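Here chain A shows up in two complexes: once beside chain B, once beside chain C.
Showing the complex of A and B:
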């Protein structure tokens, strides 16, 4: 994250940023992002996955193979696991984890790398695992079983602005996630048929489930579930348009800029990470963190927050368009795969 | 507990433990209303005492109702690492006592310790003149004796750390005061306790130096509108001025009582 820069280098970066017009090493204006590439569905064994890279000059595969890198690259994948539910809890949880590839941080010792990982994990956890974002359809059998959503991310390369990249990858992976459709299964003693046939429930008649002759309490009804065999991989997560994106404002007194490279990151005194979501076009703030040894004041934060909302909305619209495109591609692919298997 | 994380030097307690469930804990629908026994913009009374740990260069103990923590500052002392650094390093470590929470916390380091430490570090780092301490480290150790919500811990931790730094005579730009707020709907409550945080949509923690009217840390989680967050920050900054007075008073009286 921080590469060692000399005083002169820092002064050079700062003074060129503060000159009019502001100058950056790669010729961008302060509000420009480097090119962002998003691809979803990259891990076939995950329930949802995405790869996001910022600042890779070549996105085509042939060029990639040549090793034309130099960008920040993050992969996020969602795995759903069946989890038991404790007493009086609704069940289901979102667990986040960030691992940093040592290749991305060759200058860090392994304890420092662990600290970095746990810091990023705790940021991600405090934002995405917050009860206000909890998707309701993670519950399988109310009070008994639920999906535990595990969101694992790996940072493969860091060329600055890793948190924005990370949050974008998380959002893409969570939007890409399909929760397998399940059907509840109920065991009932033979001969005691329910008068009202419930067509959403699969009644297993052949087995004499947990209720025995000695059982005096009311049978609990639904006890287990089975996976529905259907061409679709399942439904999307509920309220998936509220997973936020992050905008990092790099603050030098009197100006701020976006998408810092690692050199720029180590030359500025203060960063403000702002996480916004726009469910239904309405902006909601999902997290705010300050990092660095500088100070700010409330009037400055007010201006920055207004700007951050604008930048986040731009990023959001761009990402939405890309994700919609990826989704169209995905459902076509999934359908082809299913019918292709049937024909064989 | 897995064998690898088993610490033989400590009394480890049972493998699993559960907090007792009380009948009166479930106070029905009015939980959010009944939780508050003070005004929405009132903070809990603060007891702050510098200089309790005699072997530390500076220390402070803070108690705000059920949040109790002790902070000790050692340094500036020579950095253990061999690399030269022009600026001093600030090292913050937070430890939760095993009995500090409703559920027992294993005495091993966990993620929350580090998250609180990072937040406290961010709150106080810009107040210290670290450029005056090349090649040195300032260690800040915080022990949470009783925990009533992470938000309260971060806010009180920052206050205690800043007071302890002042008590140690370390040069600072100003004292850092901190205050937290919780938002539910349009309602803002300052200095929430753990239950209020759990029932709220989102929380904001602000750390600032009231003497310079500059903000050193903003820590927001959960769902809040941008206007709501700004409102919270304004209210918190107002309260921080009061907290600052408490800190200054406690430092003055501890100096006066010294021989």
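Showing the complex of A and C:
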């Protein structure tokens, strides 16, 4: 995550940041982000996916600018898999994984890369796999089968502020995710057919589980499921407005700034990652982490949290607007795809 | 078409997989392969021909060093009697203890005590400007800093661009009128720093304290702003894949001053496109 800098470079960056109006290498003010680009639905085989980049000069020229302009780029994809349910749980799980492309960290050895991956995975896992964020509609057959949500992210390029980018990509991918609608299937022995005078001979319908009274009395009857409709993409994940975004405050004593480049990251002693969600406009703190060798005192943290909430709210509103736009585009895209396929 | 194009000596661009010429008449060089008796490009770049040898020079590659090139590098390792230097090349470059200026005169012998205190000259992470002196048998380059122009870099920041964008110029030390010095390393590392007064010291009386210092000089606010502005110009030009020359920096800087553009807007807004359009038409 850190580029090796010489002592003079570190001193130069620090003294610039601490000068009377704080100056940064690219002329931004401390609270400015680099341009952020979000795109959802980029992986056709995933249930939900997103690409987020920070600081790419132009999205249209993204390919051309590779290597030249730099910028952080993360791709996140959600894949739902059918999974059995243990005895005690109600089933379903959220599993996160982060991989770092070696091209993003050419200076790291492969064990160091593994360390970084597992660090980021643990941050992501501890936040997103938390029971309070667990979407209820992952259950397929209660007590038997549920969707296991696998969230895989790849860091393609790192030009600083990778965690903010990562969390934004995760949130975008999870919002983009559609859970296929299913109905339960029940098998009955042919011999018993006369005993149970039921219209639906061996199929009982019910979205996401049994709904008829008969099945609730005999839960063991439902053993399998089928997809309700091949054309239907399914419904969105529940609790979609409680996946958090992350804001990283880079702290140099007496000041802090946002969206550090990798040079700035290696020149500062302390970073504070704060994860906020705003379901219904109400701020919820989902996690907080400090990284770096420096120290900070409690009174300072309180002020920083206030600020972080403000920044996170800005980021949240921006991301929400963009995701709503992407969603509108998505339904148009899906319609085109549908008609195109039917014509064939 | 193929051979005629090659004869005229004009630059021709190819994409990977594009047929360049017949394998009967020409030999394949770097960046090409032979398939079905045709020479085919394996990288995107410009076609070059020397007699019967056809090569493609990749547009985006690591730095290919030549003797006499000026490079900016970063120390990655301190080894017995040598430093390893990252210079954006395929291998780390080598800077021998015998090819740096040591305190107390140029002509003195290297002592064991010098070996023991190599980190007082350069340590890991330090940036330096040097010249390519020679190549080792394995292709790694050997650098030297045996001039007062070369040595440790201070008072500024580094900008990295693709190496092909840095042209060979008469001088790679550029002093802009805004009080900013540029060191254009041919390896794509560009050092942007505060203007340094030319020191009149001879080779004999060189000040080791100053050359190997780890302290920045006092850099005032306007200079810092100018440094960040020049760095942003370089980044924007590199994003648009414009080859860098000294006149271009000057035009771009004046354009920014004329249009009263904030450095921030260059990165965040559309001013970058406008600037590149403006200065490229002037040329």
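Miscellaneous remarks
Methods note: the second predicted complex is superposed on the first by the 303 of 344 C-alpha atoms of A that agree within 3 Å, B and C clash if a C-alpha of one lies under 4 Å from a C-alpha of the other, contacts with A are read in each partner's own complex, and residues count from 1 in each chain.
The rule is short, and it goes like this: contacts are C-beta pairs under 8 Å (C-beta built on N, C-alpha and C of every residue); 3 or more make two chains touch, one makes a residue touch a chain.
If you're wondering where the values come from, they're calculated on a predicted model, not measured in any experiment.
Taken together through their common chain A, the two structures put chain B and chain C side by side without a clash. In the superposed pair of complexes, A:35 makes contact with chain C only, with no contact to chain B. In the superposed model, A:24 makes contact with chain C only, not with chain B. In the superposed model, A:134 lies in contact with neither chain B nor chain C. Shared-chain residue A:225: touches no atom of chain B or chain C. Of the two partner chains placed by superposition, only chain C is touched by A:12; chain B is not. Using C-alpha centres, the superposed arrangement gives chain A a vertex angle toward chain B and chain C of 90 degrees, stated as a multiple of 10. In this overlay, which is a superposition and not a single complex, chain B and chain C have their closest Cα atoms 6 Å apart. When the two complexes are laid over each other on chain A, chain A has no residue in contact with both chain B and chain C. Looking at the complex, you find that chain C touches chain A at residues 60, 74, 76, 124-127, 152-158, 161-162, 214-216, 219, 221, 224-225, 228-229, 231-232, 235-236, 238-239, 241, 262-264, 266-268, 272. Residues 115, 118-119, 121-122, 125-127, 130-133, 242, 270, 272, 283-298, 301-302, 305-306, 309 of chain A touch chain B in their complex.
Listing the residues of chain B that touch chain A in their complex gives 111-112, 114-115, 118, 122, 125-126, 130, 198, 201-202, 204, 209, 212-226, 228-230, 233-234, 237.
Taken together, the chain A residues at the contact with chain C in this complex read 4-9, 11-13, 15-16, 19-21, 23-29, 32, 34-35, 57-58, 61, 64-65, 67-69, 263.
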